[in-house]
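In the part that follows, the structures are each spelled out as structure tokens.
Both complexes shown next keep chain A, but they swap its partner, so chain B is in the first and chain C is in the second.
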Partner chain A sequence: MSRRYDGRTTMFSPEGRLFQVEYATASIGKSPLAIGMAVKGGILLAAERPTQHALLDKEHEYETNISREKIIMINDHLAVAVAGLTSDANTLVDFARMHSLRHTLAYSEPIPVESLVNEIADVKQGYTQVGSLRPFGVSFLYAGYDPIHGLQLYHSEPCGRYNAWKAYAIGNHADNAQNMLKAEWKENMTPHEGMLLAAKILAKCDDSHASVEKIEFALMGKTRGSPPHLHIHKEEEVKVVVDEANKIREDEEKQKEKEKKEKLGGN
Partner chain B sequence: KATVSVLYCVQSLASPMTCVNDTMHDLRDVNFVKAMLPASKQQSEIDELMAADKTLKNVKLPVCPRPSAIPKLNLEKGTTTLGIVVKDGIVLCVDSRASTGEFIASRTTQKVLPMGKTILGTMAGGAADCQYWERVLGVECRLWELRNKTTITVAAASKILAGISYSRRNSGLCMGTLVAGWDEFGPQLYTVDDQGTRLKGDKFSQGSGSVYALGILEEHRTDMSIEEGIDLGRRAVMHATHRDAYSGGYVQVYVVRAPDENGHCWERVSRDDVQDLYKKAHEDGTAGCFKDLF
Partner chain C sequence: SYSFCTLLGGGAHTHQNNKRSMSIAAYSGGSLLSVCGKNCISICSDHRLGSQSHTIAKGCLKFHRVGPKVFVGLSGLNTDNRTLLARIQFRMKLFKLREERDMPVEAVASMVSNILYGKRFGGYIVYPIVCGLKENGEPFLTSMDGIGAHSFTDEFASVGTAAEALLGAVESLYRPDMNPDDLFHVTAQGMMAALDRDTCSGWGCTVAIMTEEGVTTRTVSGRND
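For the complex of A and B:
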């Protein structure tokens, strides 16, 4: 792994790697975890809130139950969860907003989700090839609805690649989270079950108990007859989920303790 | 003969005022040919052209007016739109006729365009200009909401549109709009012009029928109730459509009020055929100023 080839975005290494892009991906691994999963009637986005400094003026924030860094609305039918450098993310989010509205101006319809994801991915790719600018250190999880494919969840990387997913995790401990999702995500979970699963994963990856200060949820929901709508869960709703998740975890632990004792007792 | 008449129609649609070069020219007219050619052409080339002309002996071709000869378009903004601020909101009334020259292109034009939940814009003048730029304004209002997480003020929205008009004031835009909405300052009504004029007020009317409507609107007071305002506005458009050839169709009444629980400020109150209204008004005897005498 030669470091001679990592000085520029526009240089391949002899093994065919773009180091700057890989470093960008590594920087995302330091950002708080964000999870997206398809549930019944919507796409659920869950994120670990970044630790809040005591001196932060939260009273004057628009919404106290969302950190403005992790889950952001692009348009009525599209929202993203962010992992990575916040400033890079803000630039891309603004671009996404303008692009989606330009599409509406030109075609009188909300932009299809994949179309927007493709466009953002192309922008990201451009910064890995053209102009010798550093790549965006951001990964997005896009939750959106369009009449063509219905509810969709996409993930885009700094290299400009994107895929559609049923469930995906980005950020810190994303591999662990992804394994847990693979084991426990099921088709057609209700949003509540999805939130419990997300809370469990977030708590486990953080090696702590789930708490309201650490978790935020948003559901890009679509029911028949009404337009798609991003519902950002209020603190009370999050608290209900978090309490239940903690209770389930406690019960499981008690169960394990019991089984352990029985085993030892048996021996 | 049929082709000639079509060409004449095309000319008059493009320039409703008198066209300068109406006559047919004979291409055998040397002076005419010379005038049409660029100055760089040599005499020999002109002779060649004249020689080739022999095949066109008996054909008189119509003349296309040269660019400098196209007269200034004086589109009178054939429409009637009006907006009045009343005690608890704003009443907007528009007609629904679109005319191209003397032809009524549509009697069901939509001349009110919403910009989100809180702002309405009306259209007078060139339909294309109004529709396009008001949709752009709608996009800018939405971008504002997404970026600033708050609804845009009417002052800002009208300023955006005025900026658009002013930067293009010499391009021949023909657009008269009323921007009406409810924000934290209450009901706000602005008029924005294709020259970039932007005025705030309680009572505006635009279009060719505005002269008639403004006469009826003299009874307007800012402390009228919304129902009185609706009645007044509707009557004003009705009378204007009666006398103005370029207004007609339906009168649509929109009202802007304080936001409801969803943040929605405007609604469409009614849509009446002006001819029915006029007939009814005369049956009732409520056509105008005589009602107080009886």
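For the complex of A and C:
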């Protein structure tokens, strides 16, 4: 409809829509799911990894605590989970890193989380209004800590909008995931409980069993008296959660089968 | 002649025009010494911070551990030292985020040299020492002038107002392949001897010894003048 108005990002359609922004959002809707949630003592990020190719050289994948495929450190107190075009995301991540370091250079303090989110959102907005450039096809989940508001979770969209959340999902099947979070996320879950919930949601939305190759976890943690610390989970740690999540699911399914048989047997 | 009031460390200070003009490089005072040992390295700084003849602070350390195996020592004008240190920390943090590894000491030295040369005409009045342990555990040491000319050495280097005195003192004490204990003694004694010959440095010194295991820091008391 009105395709004449979607060639240039800077133009509204007669109905008042920005088609390029909507197409960007649609692109993100095809990208693997990422979930963020507030847990006790931290913000948990969980992401579904794209399907892995057998020929990928993964020898050095777990050597650092700075990035894996979808979860990336911006600074010591800030990390993001990515949904959308990876190359677009890398550009914005580098910009975010530079911006946060420039803030520290000027003010000798770590950049407040909302300040950084606001800046990225403004950059994204600029690409919807200025210069006939296409928008960034990326949504971020930001997990961060600052002394002003403590632990915080934000998301930002290609249009430049952002919000603070207790739990949020972006990417493929984000609506389903968001509904499940609304139903099952509780205040003050432990990080382990949060990971089990995230693994359950990721598996259900992908219509498969949770597996180590498909999930990434990271916890932006803060305990009293020590600085905020990002911990990107290693394969062994992910395996523990994945195994437990799968076992719980198996038990639930067995229970359902049992109840079903009893019901039929009763009739 | 002129006079002005400046706020230094919380107090008011009226500057009087001195009869003998001091070089800007010696305005803040301070010296650094670094000595190589066997798979270890020492760096030592005095404690004085001054405003020409007026001593402002007696606990101003001039070296900084900017990485797990890297020290950067900055002598010269104090304000430029602080600014340069902030820039170095910025660049090292960015390196770590992008490269996902710690910045090796050789790279830090090269970077500091480039930053200084970037202000070739009218720049930082800073005379740095970059030292640390290389990936293979061997010590690395270089000192630079204010526009980044670095000279690598496997013995010892000194910068600051007592630089020449330090070189003389350490020349007679130094021997190659020292263990960390001997390294400490040579470094500390060399610095203490040189500090008494320099009006702009003093108030004792702090010596840090870096080995594969970690860093040990010791403070040495001296003449407080």
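Everything that follows uses one rule, which is that the second predicted complex is superposed on the first by the 257 of 267 C-alpha atoms of A that agree within 3 Å, B and C clash if a C-alpha of one lies under 4 Å from a C-alpha of the other, contacts with A are read in each partner's own complex, and residues count from 1 in each chain.
In this section, contacts are C-beta pairs under 8 Å (C-beta built on N, C-alpha and C of every residue); 3 or more make two chains touch, one makes a residue touch a chain.
Values in this document were obtained by computation on a predicted structure and should not be read as measured data.
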Chain B versus chain C as contact partner of A:V117, first or second or both or neither: neither
Partner chain in contact with A:R97 - chain B first, chain C second, else both or neither: both
First, second, both or neither for A:V39, with chain B first and chain C second: neither
Which superposed partner A:L105 touches (first chain B, second chain C, both, neither): both
Contacts of A:M73 with chain B and chain C, given as first, second, both or neither: both
Partner chain(s) touched by A:M180 [first = chain B, second = chain C, both, neither]: neither
Contact residues common to both interfaces of chain A (with chain B and with chain C): 63, 73-75, 94, 97-98, 101-102, 104-105
Chain A-touching residues of chain C, taken from the complex the two chains share: 86-87, 90, 93-94, 96-98, 100-101
Chain A contact footprint on chain B (complex, rising order): 135-136, 139, 142-143, 146-147, 149-150
Chain C partner contacts - residues on chain A that touch it in the complex: 63-64, 66-67, 73-75, 94, 97-98, 101-102, 104-105, 108
Touch list for chain A against partner chain B, complex: 62-63, 73-75, 94, 97-98, 101-102, 104-105
